[in-house]
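Heads up, there are several structures right after this.
Both of the next two complexes hold chain A, though its partner changes from chain B to chain C.
Right, the complex of A and B next:
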């Protein structure tokens, strides 16, 4: 009896608890979970685990974002995307444009108290270029004398590479040929000074928080792999101390999930998924601006019918680029020229315009009957945006030319392998600026570029691009780039530039001093939270 | 048939009709783009709204239904056919053959599904090279999903038959001279058809989902063709801004699952000899 009654009470209590639990869950679902955000801490989404924080080996955007906070180079990109003095307080170049001398600041120490010396640059650059390191971005220093030969294993002596420490605080760099934008190159992470003593002592673990020493505005406090990375303000930083005490970067791989966390007040800055942008338009959290990032379709010019330049030009004329921003909704800028708006020497007049009549005439001229042609294959990497673009192109070519188009998507790594081993007839790719100089874009389609998957090579184009990289006079440089762009985008058309991607961010109102820029570099040392 | 069974049959018939006649009813081609009306919600012009390329979602759900139902029902049929024959032989013959056949099933079972589906789809793409793209992709999906699905069916059927073999009515049939295939086909299989049918109806929704996974990695149906699973996973990315993009494909999957369940349940009752009066 008693047992039964007690059981009944317990059941009633459980029922009540259940009701409360349901109410609590409902309340939790309706109210932001975050509560008060931690003072002095900025929370961002990194998207993925950085493959490596070793700046000689890193190649991806996540590593770059973090290393920009943790480290400094000889120069640093300013908000206007021009190189500013950083570890080098000033520099000069010899009259023949071949020898650059960088004078280092004397007050810089690493987070373990070791002072900065010119020799650390020399060792770091030799490590980057050494064939044993096998760094993908070693080519960044190819303009340096003998760097390419040393990297290719043709020279064994590292001291032959044109970088020397003239004294503790003077670094001398000798180039193969004059290069006007060299101080832009030295903003990039792979050119940062190296601490080879740490690399030798700890091996691959030297980038773990307990061993990692850096000299930027922040240091690495915590790295919970596949979950989050925490940066802490560096008390030994030579510049003005950052206002933020901490930066936490979460690794949420889906933008839509990250957005939910943003709306719950758990993350301060997120990238907006394409289809959510419309909802944020007009809200104070919304920030947008065009990036130095081009989106294009490339042809495999070795495969018929795309070995015929008239067919390539016809397909370019049959694209109405104004469709893309309507479909993607992300503030994309249609652009028929390869150099994106915002890049020096951009010329909006270049590019093949939408002209379906001309397109049909060109096809007829080439003797191609679109209705009997086997379906044209477009290959793209799996992604919502790329799929929408491909479906739009498929519909446009069908409508304007009567062309049958088949689409195929691939996982990113598989896609990259295929681009190298057997490039598809038509593929999509994008290119984001590593440094804001036209050479970074134009160089992509030279004969020797590893990123040129079109099979197209043109000696005139190669010559123009090489000449422009040495040209100091902006007016003459413009002429050279215009000529090269006309070959690329109007005459030979191994690629069809589509549009320039825009950055679409949601930034919480508590974040101040965050200014997005066209290269998507985060200057977190000037950000504060309130 | 019970009222639920009729309701299920009607719903399935309705879905099939929608899949077959969707474009004609809505007046839009499933791949006709009109970016002026992109992402619009449901209206008199677009009953289920429009997607990011301004395509009519109703026409796309109908077209997606063609792919999803074809792949799901086709691959289930393949899986059931192989599974029932294999399981029945294994369970009925028994003994050492049963042991070997079941070890083979264990071996196949231990392979990860997605990996095998990917491999098989690639193989069928190669084998079916002469078939036009869309049909080749459909056929490859049907075969690959079917060839992965038969294992659990075989196990189930074998278990059911082992159990049935020992029952009194089988003894009785044997006593009047029924033997071999006739015993299996006329007496045992009809008696165990209930659970088999239920499994079949359960396989259909999981085949719809498996199809969307395969399509996501680029081996399934390619745009502009679509399927319910692909439409739903596309819509999921924009769930908060444009709920109609996931609502209608999701409803289509839900309704088909529900209808097949009702139908399966009712068929089970009808086919089970023990429940015949």
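Right, the complex of A and C next:
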């Protein structure tokens, strides 16, 4: 019995040793990470699946980032965010500002060898504007003559739209009204030339790697939906060949996961979660830059007491914008003007400053007694950042004005619906530039804008913004925008601009030539890896 | 058996129809639509889009159109991903969830039953109490905490295994562990309880009295009967693991189907919500059927309805 028992113990010990040996073997067999990264390959985090790489249907930042590498337009944003020649080597505008003529490069071919022709722009634009395409961003071409009418189905003849190929390499665009920033518009993906032959042959699958033909510095090699996209250098690219052989874009939704993958050496460029910024400050991997992305609070100016401009001004004066970067820790840049720093015609002197005394005086002047007023309601979409901002505003208005403030959060789509159907008394929203022209921001609060949820309209403001969009002289344009901004941010105050969001990236030391910019556009054709 | 299975499969059709109808109705009742955007669309554009997806038709007709599509096996287009059908999306993502779910399932069954036996066969000992303590932890720690803890405590500290992505089997290690933690603990508790319960039954005493070896009593008489409880749980567990867990797939950046349960609703991507809901419902129906079939095999006293006649 005792012998048997001892034998059992020995057997158990041997068994245990065997298990440990197996574990050790397994561990040794697994190749550790952080070995040599693939040469010539840059790995970035896209964050999300691009909803579509069909540039007529794409609307989001991820699609735009990829299409910037895959495609080119008539013009291309330079590092200074001014439009530079791309597929068009030069252009001119008629004296009345209505007709733009673009002269295309003659050496451009698509990745399947098909040469670029002006007609491809004409067909692409007609497709974008066709009601059947149902493109969300068709309105970007509304400045083109008859574009809106054709998109609305009011006219059926696509040839009535003001775009035509004068010859194989000359594109002529006729506008509804002069628009000085038209060459900025043509940097945007929806204006890229179209390959309707591919769309017709492959249907919705034309953007899959086996059919997708492009003419930018890279071509699409692999697309594992919801997981990763691989780009390969385009040997037929007309410009200087990119140094990178490959770009892999992963779709890691959570910034914190992406950061761990960065630290494991699996991804080269990631966005930093706000909580990690402090840890990265001072490290060579850290890059930060304010974006052309404004964060503001809007009033429903139809609802009392916010129908009184003095109340709106008082509330604006009662906000110390320096609080926001302290609360959010994301390198936010306080800004009282609506045009963000970095945008042409920005003017830092515009905006109502923090002045609690003036605020209280304005409130008294309006005959508002904060202590008897029912609580003011702020509505925001459910999100930690928006909650922190709202709590800061709540505290500041209570402290500086004695105002009671209620916070309400809503699920995103519920919030958006409410903004349109019955705008809350006070709401938060943001706006990111589609193209770096002030009109893209100033247009938002014109009477006809679908994005103006304030109920405020001002004929002077509308006129100034329209006039500025036609003004060729930068100095005169500055005067017009300054005047419009003063109406918006100081006199009428339907919105209170709070701050500009910053880009916070970690970039691996092996990456060279990567320069982030305020539009968050990646110029990967000039990036190299060690 | 075949008749029984066929009858059960036929019964699934009205179940799925009810699921489809209720989901369809609930989605239309949700405020906010698929094309409400931060950058609001001009009315002309909205009209074009609604016409394209037939959203301008009366809801009853949209419902009829959807059902007609379903009969043909067409789940419709995704609103969020223009150019991709819901069927494409499910075809891409479901296999990934199955791989992850299967890995977690194997882990949970092996570890859970093993731990449950180890505890139940030695009820009341220190070993038993230690295992119970661990299972309590497994049940009460949510997966986002466990996932983060594994990432920080293992992946970041040792540089291995990968904290995300889906390239090779090594990449499945942490997510499968995270996903398996809860069912492992639950299965361990189930197994332990029924082992203790079964071990006290008359037939076990009879077997011992007959002189059946202790090993045979334990591994044949006790284990087989104790597994019945685990098998009951196997059905919902299978469906839960195979459709993946939203949280685990999100934390580890795995391109599975689980994430669509949340993102499709947030995007108001009606056809995609319908698609994932129906797949999930079908999985539950099928796994319940599988469980009933396994029951009959494990316990001769259980007779399936079709067999009696």
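One rule holds in what follows: the second predicted complex is superposed on the first by the 496 of 530 C-alpha atoms of A that agree within 3 Å, B and C clash if a C-alpha of one lies under 4 Å from a C-alpha of the other, contacts with A are read in each partner's own complex, and residues count from 1 in each chain.
Everything that follows uses one rule, which is that a residue touches a chain if its C-beta (ideal position, glycine included) is under 8 Å from a C-beta of that chain, and two chains touch if they have at least 3 such contacts.
Bear in mind that the values here come from a model prediction, so they are computed numbers and not experimental data.
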| item | value |
| --- | --- |
| Clash-or-fit label for the pair chain B, chain C on chain A | fit |
| Which superposed partner A:323 touches (first chain B, second chain C, both, neither) | first |
| Partner chain in contact with A:138 - chain B first, chain C second, else both or neither | second |
| First, second, both or neither for A:52, with chain B first and chain C second | second |
| Partner contacting more residues of chain A (chain B vs chain C) | C |
| First, second, both or neither for A:406, with chain B first and chain C second | first |
| Which superposed partner A:395 touches (first chain B, second chain C, both, neither) | first |
| Contacts of A:276 with chain B and chain C, given as first, second, both or neither | first |
| First (chain B), second (chain C), both or neither touched by A:417 | second |
| Least C-alpha distance (whole Å) that remains between chain C and chain B when both complexes are overlaid | 7 |
| Chain B and chain C footprints on chain A, overlapping residues | 256, 260, 411 |
| Footprint of chain A on chain C - complex, ascending | 30-33, 35-45, 47-49, 51-53, 80-84, 88-89, 92-93, 148, 151-152, 155-156, 159-166, 170, 250-253, 255, 259, 266-268 |
| Chain B residues within the chain A interface of the complex | 31, 33, 35-36, 38-39, 52-53, 133, 216-218, 222-224, 234, 236-242, 245 |
| List of chain A residues in touch with chain B within their complex | 256, 259-260, 273-276, 278-279, 323, 326-329, 375, 382, 384, 387-388, 390-392, 394-395, 406-411 |
| Chain C-touching residues of chain A, taken from the complex the two chains share | 30, 32-34, 49, 51-52, 54, 57, 59, 131-136, 138-139, 148, 151-153, 204-205, 207, 224-227, 250-254, 256-258, 260-261, 263-264, 266, 411-418, 420, 429-431, 450-451 |
